[in-house]
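Following are the structures in question.
Heads up, the next two complexes both have subunit A, just with different partners, subunit B and then subunit C.
The block that comes next holds the complex of A and B.
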C-alpha cells in the first residue's frame, strides 16, 4: 500500500552553529510510511557513520521487506504483530552491523547512535526508539512527547531524584542508557498507537529539544502546521538561534487521511475513495 | 508549483516561441531555410521541359568564327530570314538594339546622296548610284528592321528600372512600347519607374511585340520567380516570355489579361502571386546536359543546322558566351545565361508548370506555426522523454513531407520550414532544460545514494558478508572515508584467506588513490598468495590448507604462529605452531567448520566444539595431551595442544611390527589409567583407537589425544554419507547409538590391545554390516596362541558384550591387565623351569 498520498513528510537536518560535522542522519520512505532518525556518537566521523548505517540499513531492509509483507497481520507463531517484529529485527540487524564495524575497524571503535523509528500502517503508528532522540505528537492542538528518553536524566526524574525543573539545568544531559551499536545486542523500546487524520508527528534529535522548549516547539507546530516544510526549517532555525550547540534534525509527518490496512478488494476501494 | 512558474516547462515553451519569432523576423536564416527547402523540392519534382522551345546560342564558337561582338546587324537579319524560312512559330531575340549601327557613315552617305540627287528625269550619277549602294550596304538597321517586319513574329526585350515611382513619369513611353500594354484587372505587379534599355523605334515598330526582360532575384541572388507583368504607373507590360507564348498562340498583347493571382494568355492560365509573379518550375539539368539544346548561331547561319529544325518552335536567340551574356543564379544552375533562363520561363508558362504560393498560404503557415508553438508549450511538457522524441520527430517528418508533397504533387509552396525549425529548436531547448534539471536531481540523488551504499557496505562488512560489502563499496565514488573502508575490507578478505578478492579490493584502492598507505605491498602480497594458495569453495579439500610461504607473513591461529603443516588428521589439517611469547611449540588441529558444516548448524557445531575443547582442556594427566588453547579464525576452529614426539600406535598394529607383549601391555595399561582419570573427570573419549594413542619410543611416553573432538565430524550433516570409516574399535553400545560412558572407551582400548598383541582385529567382517553384527553379537575371534592365556582371559572379559560384565573403571582395567601380565610372566617362568627340569 503506497502511503505517499496519505502522509505528508518534511525533513530538515543541520549541523548547528557549533559543530562542523552533522552526525545526525535522517531517512524517510513515504511510500512505506517509514521515517528514521538517528543521532550518532563517536569520534572522528564515526558518529555519522553509525547514524548513517542505522538509517540506511533500516530503511533499505524495511523497504525490501515491506513490499511483500503486510505489517498489520499477526504472526501466528508468537502472536506478535509483524510490524513490531520487522522493526525489532531490523533494529537488531543495524545494531549488530554497527557493533561489528566498530569492533573490527579501529577508526570506528566505540561508535554508536540513538535511534527513533516511526512506521505508519493500518491507521496506526509504531514507534521504536533507543536513546534520547524523541518523537512528539501534535493532536488537536495538544502537544505531547510520545517517547521516553533512555537517558540517565530520565531515570533520575522517574526515580524522583531530581525534578523536571532541575533536569533542565542538569549537566549530564547527554548520557544515554541505551544506544544502537554499543553492545552486541540491544532491546529497542517499541510501542504502537492509533493515528488520526490531522496528527502531526515530530521526530527530532536532542539538538532540538535541548535548545528549544517543548512549549515553543508545540506553538511552532500549531502555527506553521499548514506548511510542514516551513515548520521543519523554522524548528531548526529556532534551535540554531538558541545556540545550536548540537546537530539539529527534524522529521515531520502529517497524517492526511485514514489508511486502513486494506482487507480485500472492497476495503481497498474504500481506502481509495477516501 | 515549487520554484516559480519560470521553471515550468510551459513557460520555457512560450519563451522559445517568442525568441524564435523575434529571431526569425530579424534574421534571414529562416527564409533562407525556406528557399533551400524550396530548391530541394523543385529539384525533386519531375517536370519535362517543353520540346516547343529551342535556343540558338551566340556562343564562343560563333564569336570565334564570325568576329567580335557586336556583330553587324545584317547577320541578325539573315538569321531572322533563315528562321522565317524554317517556319519558326515565334522568335525571341534577346539582343538589345538600342543604338543605331553605322550612324556616322550613314549620315555622311546620306549627305552625299542628298547633294547628288539627280534632277527629275536625269539619270542618276555614278557617284549617286555608288553611294546609294554603299548606303544600302551600311544601313544594316534598315535591313534588320525589314527582316523583322517580314518575319512578323519577332519579340524583342526591353528593360525597366524596377523601383516604385514617386511621382509622374518624365515622359510617356514611346508608342511602340505602349502598344504592348496589357489589361490589368486588380493585380499589383512589380512596379517600375522608367525604361532602362529600350529598342530603336524602328525595331520597336518592326517587331511583333516587346516584352520586359527584368529578372527579380531573391535575397540570396537566385532567380526563383518571374514577374510575368511589370507595372509602369498605370500601365502593365508583360514579360518577354509571356509575349512569346502569346505570339506562339497567335495572340497579342490584347489577349493577355492580368487579374489578381492570375495572368491569362488566351485560355492559358498562369497562377501567380499577388504581384503577378510565378514561381518558375526550373527544369533539371541531367548531369551536364542542359534541358534545352543550345544550337550554335554559327552552325545555323552557315547551314550546318537546317532551319527546318525550328519549324513551329519558339526560338530564342541570345548570347551564352562568357563576357557577352548576362548570367543568373537559378536553383538548377548557379550561372545560367539569360537566354536559357528565358527558355525555362517560356517552357514553364507554356506547360503551366508553376509552383504557386496560394493566397491562403500565410494563414496556413501561421496556423501551423501556432500549432507547433502550442505543442511545445502545452503537449511536449506532458510527454515522457522517449514519447516526446517520437512525437516531435513524427511532427517534423510530417511537416517536411507536407512541404515536399505539396510542391511536387500540387505545385503549392507553403513555407513550412519556420514551424519545422521552431519544432526542432523548441524540442532541443526543452530537452536540454529537462536534462539539466534531471542531472542536477541525479547529482543530489547520487550523492545520497553513494552515502547509503557506503553505509550498507559497512553494514554488510560488519555482518561478515564481505562480498556484498565489496559490491556496495564499488558503487561509491572516491572519498577519503571510502578508502579507509575499502582498505579494511581488503584486510578482512585477507583474514578470510580470500586473497584474490583482497587483491581486487586493494587494486581498487590503488586505482582511486595510488600510494594509499601500503596498498602497493598489499597488492603484491595478495597477488602472490592468491596464486599459491588453494582455498575456498567446497571443491577444495575439506580441511583446506594454509600454504606457508617464507616470503609472506606467517598466518596465525590466535596467538600461535603457524610454522608448517604436520599432516592431515581426522578433522582437518594439523599444523606445527609456535607461541611467540614463550617459544613453546604446539600442534594446532584445525576444523574447517564453514566448509564442513551447513550454515544453519554452524553455530551449534562451534558451540559444541568449544564445549569439547573446554572439557578436554580441563584434563591434566601425564598420559593425556595437554590443551593450551582453542579458538576460531579464518573459517576454522582450532585447538592448540601439546606437540607430541613419536608416532601413533597405529604403526605397531601390523603383523611383524608388533611391540613385545610386555611393552604393549605397559602402554595400554597407562592408557587405561589416563582414561580412568578422564572418566572420573566426566570426560568420555569416544574414539579410542591406535591412531589416537601417541607413543614416543625414545622417552617411552604415551599420550591419549583427541578427546571428544572427533565426534564433531561424525555429526556433520555433509558427511552423513561417509560416516566414520570402519567402526572396528567401537563398542556394541556405541554402535547401537546408546548413551555411552567410560566402559565403552575401555572396550575400544581392549580392541586396540588385542590388535597390538596379535596384529589382528578381534572382530572382522567382509562388509560393514557383517562387522557391526559381529561386534554386537559374536564373541571375538580366538586370539593368537602366542598370547599368554592370562591375557587372553583378560581380553575375554574386557571384550564382553555387556558393559556390566567388563572392567568398570580404567584403574581396574589397568590393574587387572598388569596383574595378568605378571601372572603370565610368572607362569612362563615356572613353565620354563619345568621344562628345564624335564
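The block that comes next holds the complex of A and C.
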C-alpha cells in the first residue's frame, strides 16, 4: 500500500558547527511509510560507515519485503505481529553487517551506531530504537518523548541517582548502553502506537535534543507545523545557533489521513466501522 | 601523578601530590590536607584516586564543596578544576601526559560512545580490588571512566584528530550545556501600522513568533544570535519587506523595516 499521499515527510541533516564530518545518516521511504535515523560512532570515518550501513540495509531490505508482506497481520505461530518481526529481523541484519565489517577491517574496528526506526502501517506506528537517538510526538499541541534513551544518564535518572535537572548538566551525556554493530547480536526496543491524523512525529539525533530544550522543540513544531520542511530546517538552525557541537539530524513525519491496512471487502468494512 | 595546588587569595601555599587512594581534606589535624579555617568542616571532603582518575566527594560538610563555581556532592576531577573550600582554593592538575597522548586519553564528553557491560564489570572489579569498599557511585563513575578510556584506546572515542588538537587547549571540563541564549542582543518588536489593531505593539521575546492568518498567509519571525529574521511559512503570497517580496530563505530584518503580510503593514524596530 502506497503511503506517499498519507504521510508528509521532511528531513534535514547537518554536520553542526564544530565537527568536520557528518556521522549521522537518515533515510526515508515514503511509499512504505518507513523512516530511519542513525548516529554513528567510531574512529576516522567509521561512524559514517556504520550509520550509512544501518540506514541502507534497513531501507532496502524493508522495501523488498514490504512489496508482498502484510505488516498488520499476526503470525499465528507465536502470536507476534508481522511488522515487529520484520523490523527486528532487518535491525539484526544491519547489526551483523556492521559487526562483521568492524571485525574484518581494522579501520572499522569498534564502530557502531544508534538507531531509531519508524514504520507506519494500518493507522499504527511501530518504533524500534537503540541508543540515544529519539522519537517525539506532537499530538493536539502536546509534545512528548516517545522513546526512552538507552544511556547511562537515563539509567541514573530511572534509579534516582540524579534528577532530570541534574542530567541536563551531566558530563557523561554521551555514553549509550545499547548500540547497533557493537556485539554479535542485539535486542532493539520495539513499541507500537496508534496514530491519529494531524500527528507530527520527530526523529532526531542527540545533536538536537542536547542543544535545544524540549520545550523549544515543541514550540517550533507547533508554530511551524504548517510547513514541515521549514520546521526541520528551523530545528537544525536552532541547534547550530546554540553551539551545534554535534551532528544534527531531524526527520519529521506528519500523518495526513487515516490509512487502514486491511484489504478486501470484509476488512474494509471492518476498518470503516471502526 | 595528579596533584592539588592549595592557594588562598591567589597565593600558592603548597602542592600536594595525590599518591594515596584516599586523600582526606578537613580542619582536623588527622586529615591528609589540613586546612585550619572555620569555614572548613572537621572532615570536609575526600579525593579518591583510582588509577589515573580522581573523584572528589563531599563528606557532608557544613558549608559544602564547590567545584568551578558549582556546589557538588561527587565530582570526577578534570584537569584545571578548581575546588573551593571557604577562602581556600585547590586546583586539580591531572597527569601531565605527552601532548600526543593527551588528546586520546581525555574523556570527550561530546562524542557518543557505547558503554559495554563487560567493560563496566571489569573496571568495577578492578576498582573494587584496588580499593575495597568505595561508595557505589564512585565505583560506577570509575567504571564509566575506565570504559571511556578503553573505548578511547580502541579508537571509539575520537575520530577527528584535527578538531581534537584544536580543542585540546580548552579546559577539560565540558562547556556548559546551556547554549548562549540570544540574551545580549537588543529586543525587537513590531508595531502594527494598518488594520483594526493599528498602533498595537508586540514584543518579540520568544525564539519564534508567527504572524498572519493560518490557511491564508503565515510568516514566522525568528530570534537568533545574529538578529531577527522573517521567513515565509504558508500561503501563495509571500510577505514583503520595504515593498520587496521576500524569497524562500529567511530574510534578515533591520531596524525600522516595514513588513507587509496578509494586507497588514507593520514596522519592525529594535528596543534600546
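Observations on the model:
Going forward, the second predicted complex is superposed on the first by the 263 of 274 C-alpha atoms of A that agree within 3 Å, B and C clash if a C-alpha of one lies under 4 Å from a C-alpha of the other, contacts with A are read in each partner's own complex, and residues count from 1 in each chain.
By definition in this document, a residue touches a chain if its C-beta (ideal position, glycine included) is under 8 Å from a C-beta of that chain, and two chains touch if they have at least 3 such contacts.
Keep in mind the model is a prediction, meaning the values are calculated, not measured.
Applying the stated contact rule after C-alpha superposition, one finds that A:101 touches subunit B and leaves subunit C untouched. In the superposition on chain A, contact of A:237 is made with subunit C only, not with subunit B.
Touch criterion met: A:19 reaches subunit C, while subunit B stays clear of it. Of the two partner chains placed around the shared chain by superposition, subunit C is the only one that A:114 touches, whereas subunit B remains out of contact.
When the two structures are aligned on the shared chain, A:131 is found in touch with subunit C, with no touch to subunit B. By the touch criterion defined above, A:45 reaches both subunit B and subunit C.
By the document's definition of touching, neither partner reaches A:64: not subunit B, not subunit C. Of the two partner chains, neither subunit B nor subunit C is touched by A:4.
Of the two partner chains placed by the overlay, neither subunit B nor subunit C lies in contact with A:163. The wider contact with subunit A, measured as residues touched, comes from C rather than the other of subunit B and subunit C. Residues 45 of subunit A contact both subunit B in one complex and subunit C in the other.
On subunit A, the positions that touch subunit B within their shared complex are 27, 45, 49, 52-53, 55-57, 59-60, 93-94, 96-101, 104-105, 107-108.
Remark: subunit A residues 18-21, 23, 39, 41-47, 109-112, 114, 131-132, 152, 161, 168-169, 171-179, 182-183, 206, 210-211, 216, 219-220, 223-224, 226-227, 230, 234, 237-238, 241-243, 245-246 touch subunit C in the complex.
Looking at the complex, you find that subunit B touches subunit A at residues 451-452, 454-456, 458-464, 481, 484-485, 488, 492. Every residue of subunit C that touches subunit A in the complex is listed here, in rising order: 70, 76, 107-117, 137, 144, 147-148, 151, 154-156, 158-160, 162-163, 173-180, 182, 206-210, 214, 218, 220, 222, 224-226, 231, 233-234.
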